[in-house]
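Residue numbering begins at 1 within each chain, and the chains themselves are lettered A, B, C and D in the order written.
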Amino acid sequence: MSRYEAFVARKREHILRALDDACQATGLSGLDDFELEHEALPDIDLDEVTLASRLLGQPAPTPFYVAGMTAGHPDAAKINRLLARACERRGWAMGVGSQRRQLSATRADAELDQWAQLRAEAPALVLFGNIGLSQIIGTPIHYLQDLVTSIRAQALAVHLNPLQECMQPEGTPQFRGGRAALQALCAELGVPVVLKETGCGFSARTLRSLEGIGLAAVDVSGLGGTHWGRIEGARAANTPGAGMQAQAAETFRNWGVSTAQSVIHARSTLPRVECWASGGVRSGLDAAKLIALGAERVGYARPALEAALAGEEVLDRWMAQQEHELRIALFCSGCIDPASLRLRHAAM
Amino acid sequence: MSRYEAFVARKREHILRALDDACQATGLSGLDDFELEHEALPDIDLDEVTLASRLLGQPAPTPFYVAGMTAGHPDAAKINRLLARACERRGWAMGVGSQRRQLSATRADAELDQWAQLRAEAPALVLFGNIGLSQIIGTPIHYLQDLVTSIRAQALAVHLNPLQECMQPEGTPQFRGGRAALQALCAELGVPVVLKETGCGFSARTLRSLEGIGLAAVDVSGLGGTHWGRIEGARAANTPGAGMQAQAAETFRNWGVSTAQSVIHARSTLPRVECWASGGVRSGLDAAKLIALGAERVGYARPALEAALAGEEVLDRWMAQQEHELRIALFCSGCIDPASLRLRHAAM
Amino acid sequence: MSRYEAFVARKREHILRALDDACQATGLSGLDDFELEHEALPDIDLDEVTLASRLLGQPAPTPFYVAGMTAGHPDAAKINRLLARACERRGWAMGVGSQRRQLSATRADAELDQWAQLRAEAPALVLFGNIGLSQIIGTPIHYLQDLVTSIRAQALAVHLNPLQECMQPEGTPQFRGGRAALQALCAELGVPVVLKETGCGFSARTLRSLEGIGLAAVDVSGLGGTHWGRIEGARAANTPGAGMQAQAAETFRNWGVSTAQSVIHARSTLPRVECWASGGVRSGLDAAKLIALGAERVGYARPALEAALAGEEVLDRWMAQQEHELRIALFCSGCIDPASLRLRHAAM
Amino acid sequence: MSRYEAFVARKREHILRALDDACQATGLSGLDDFELEHEALPDIDLDEVTLASRLLGQPAPTPFYVAGMTAGHPDAAKINRLLARACERRGWAMGVGSQRRQLSATRADAELDQWAQLRAEAPALVLFGNIGLSQIIGTPIHYLQDLVTSIRAQALAVHLNPLQECMQPEGTPQFRGGRAALQALCAELGVPVVLKETGCGFSARTLRSLEGIGLAAVDVSGLGGTHWGRIEGARAANTPGAGMQAQAAETFRNWGVSTAQSVIHARSTLPRVECWASGGVRSGLDAAKLIALGAERVGYARPALEAALAGEEVLDRWMAQQEHELRIALFCSGCIDPASLRLRHAAM
């Protein structure tokens, strides 16, 4: 198996595992402990309710985004374009998966073609680039700028996944110098930088350490949905000789800070940085709760992937469902838009 | 299917679903978290205990009522008369279901006949009219006065059901102007106005907004019993093409403020408005707990319907059961009547 | 069926039901929420640990007693004598069951014979008489003194069971004047009066109302073991036409104040009255916990009955088991006797 | 059966029972209630993380030890040597099981041979002697010094097991004078003394009483893993005539202070005594949590025994697993070594 074939095989397995319920930290998002307050007498009509909100200082039709997912499998490009067209059509933003391969000369051309086609089909889509923290350490800024340019991204998301890096045999658990590299990136990249976790969330301690670094947004991506410890554990369980990783994954299967808790931490420690929430968001009501807790945007990874794999129509229906449910939650809270819901709770 | 046939079919399904345990928010009323204090040495005899209480300033033999239910099915009139006779006989009050159809000229005559017959059989019954908030917005007061007159009602209940209005395809989720319409109604109607939910309860926020509007009573009808999100969801699940509603209903299946919590909110925010409690009341002990929490009256919808469908004798036994249990709860709390129980806890 | 036959049948069923686990409020005693503190380094030897304690101001070999149980069935006298001999032998106290029948002339002689024989076999046993609160109201004191004399009792227990009186068809839920009658009794009886519940415990409110009445002890007999609501419910469930009682019993199946909570209340509201604890005590460790919470004595009803029905040997082994477990609990708490354990916790 | 044969049979059964899940107080260690905080952005590389720590003032490669276990069965010596070699190789410390038999002249020689061979194979191993509290009372110090000398121990662990001593028919529940004997031992032994429980932990009260006694360390060995009440109970359940012990064991099956709680107590009451934590430690993440709570060392008994019984390779892999998981926990907490983790939490 060539290195590229191994890469494809790994990414294919990641997707398969992400779709497996056993790799979801279901019940741990903290959202079940938090209920919105019913407003029996909303002084509005349902059709006045709007999802319009703001994204990195710009107006946006909805507060939703599809969180970045590396595809890697043969249909990758197709899925990405499907998501891109749907997001553009419905006014959602979208993050691409890790662009790490573009940093290695050999694969760059194929990637560039893919992005060109995607952008041709969804020119107005708000799109975020994506790269891992380990990759920005020591990489000259202009290479990272190339990532942004290649997809004409509105922002670059830098992802953190220390647990996964420990767990996966191919991992790069090298984070020394990360914070400094991040600060330099924010200063020089030219587009906003979003720092995101990938399913383990942020503690108050980590968030405090991010003050003044120059981030435009934090995507908390907390515990409660796709869990990379579990995914790597499931992979290891099927790999001869990887008993130790499998066991470690089992041990760390609930590791992380819940999405709800991460948002609460973010609101109180970094009030001037946008707070985006992903990780275990599974309905428009979950989205509403996170907005009430302080999130400006709400993202879905796994459910968006699942819907996209079922085709354009299912994907569109699933997106409409999230919007419908958020609208009901707003109406039954007596709020005309997401910002009203967030501000009401901030005032408490 | 004519519009009227569709209406009848819908109402018939509502009843069917209301009787289905899956549409009951069982366990969420908050009543299981609250226990009355046993009085080992009551200084009274059981036969001294009385259920006599007050209703809208008048003496009443019991603190119970049957909460309003639209019937709609062919036997509707029969069930209503059965309930009316039983309530009159036992000294319970009764609310009728939504009188919305009377507002449309075509059906008004049939309705009027029905009410005339009911009143003929239960002339002394304390009866409440019923209309939805959406319906009072923009409707001239004298039409609403006609509703009251038609049944010789002692009060008019205005019901709130924003969640159901969002959920049901035929819904009218238009509440803008509702509070103002309510205030006008209270000022001009001529009989007391009761504001009631229909199974999702009241938050403290909503209740605070009702101060000074002129309401005689709030019937909290909170989470814990019949849940209209669930009922509309069950309907949608059986309707081709209604997948989105069905899914939304699933998402909102626990939406609402519990009955116990709603009563607590009502007592502290609106001390001068009567507090009536319905929603998930399933025994005379539940009733006693709500009285201890501050309710002046306690209402049943679904259990009363179920008993009435089983015939006059079962209905009468079921009502006697509620009274018997409330009496035991009072005796074993050392209280001679409902007011003593409410006042004791208010003093805490 | 004669009145006496009905009485015997009822008592027989009471015993049968008391032995049925479904009539036990298992898990509700509050004892599982409270753990003794392990003392890893007790500065004593196990064989120094003594159970010696005090009872109504006198030294007693153990802090245990068998709580009063009406027998009523043919073997009644036999069981009572079995218990009496075992209690005397092991230094436990014992309460007899309700002596109500002795107040009615017809049965008095048979009873007196029975007691004479019992006392002949267990002359040194510390024994308590037993009568219901309803019975002392209006009964001249000298009749009650006769009850005491008939068994040469060291004290008279007056039992409270308002819930049971409501539940059982033969019940006498007449408690008006009870407190006054109790006060008179304490003043004139000549032996100490113990006020006891029968499985529903005491609230702080009830206990406060007992201050200054002249009681020597309160036996809290709280929720957590034999539950008379459940027993009467099980009886009713098998009686044609008693559907309402059966349903009410179901509704009140968890009614009462837990034994642990009752003891805590008693310690803080009536510090100068002895606190005895029964109701759901099922091991010597349970006993130790209640002593730590403040009880001076600990009583068993149902388990003692069960053991006695299995014969003298089983009864003796069961009693030894309770003593053995209490001794272990004392040793592993570093306490040389029950009083040390109680005082240590009182100091906290 | 000779006395020696009975001893061997008992020890063999102890091991068998210790391996039985029913004798483990699983879920009671208190560790599930405590979560480490995820650090999404550790400013270190995984391979910088070190397990180096200190033990009784000396540098040590890991913070781990295998807690003392009497073997007794024929392979005892073999298992001990296996553990000793593995511990020496991986930089773990090790405690031997009770050396009580060495105090009786008859068996001393066989024991001495065994230790000589063990020490020959693992000369650099950090090793602790082991003796019960009952044994040190009244035993001249020089006999205890012989125990230390025989295995060239770096420290002597004195174990406390009052519950087990009560439970086992062969027990010696004589602890009077224990604290004084301990103080004398600390003063005169010449090597550090560690006081350890055996699965029931320490209350704050016990720990406070240890101040100033001269202990070098406390090994809390709390509730949550191997439970000697349960083990003796399982033995008794299979012994004719031991029904009372079996029942008592059932009653005391959850007796003890949890390992997590014991460590918290130790940190606040005895800040200058080293805190070692064992009892229900089942992963490297458990170890990390205990270090965060304040433990300087973390020990395993049952899991080490189980791995050793499966052979050298399994044992080695199991030890590597614990180290791997502790390393991941440190990295994902942003800590470079165990001390950083402990100090961070101490500062909170």
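What to note about this one:
Throughout what follows, a contact is a pair of C-beta atoms (placed from the backbone, for glycine too) under 8 Å apart; a residue touches a chain by one contact, two chains touch by 3 or more.
The structure presented is a predicted model; accordingly, all values stated were derived computationally and were not measured.
Steps from subunit B to subunit D, minimised over paths through touching chains, total 2. Under half of the residue numbers at the subunit C-subunit D interface are used by both copies of the sequence.
The rotation relating subunit A to subunit D, fitted on Cα atoms, amounts to 90°, rounded to the nearest 5. Centre to centre, using the average C-alpha position, subunit B and subunit C are separated by 45 Å. Subunit A and subunit C have Cα centroids separated by 64 Å.
Among all residues of subunit C, none touch two or more other chains. Taken together, the touching pairs link the chains into one ring where each has two partners. You'll find the chains touch as A-B, A-D, B-C, C-D. Across the complex, subunit D is touched by residues 35-48, 283-285, 317, 320-321, 324-325, 328-329, 331-332, 334 of subunit C. On subunit C, the positions that touch subunit B within their shared complex are 133, 160, 162-163, 165-167, 173-179, 195, 197, 200-203, 205-206, 209-210, 243-244, 247-248, 251-252, 254-257.
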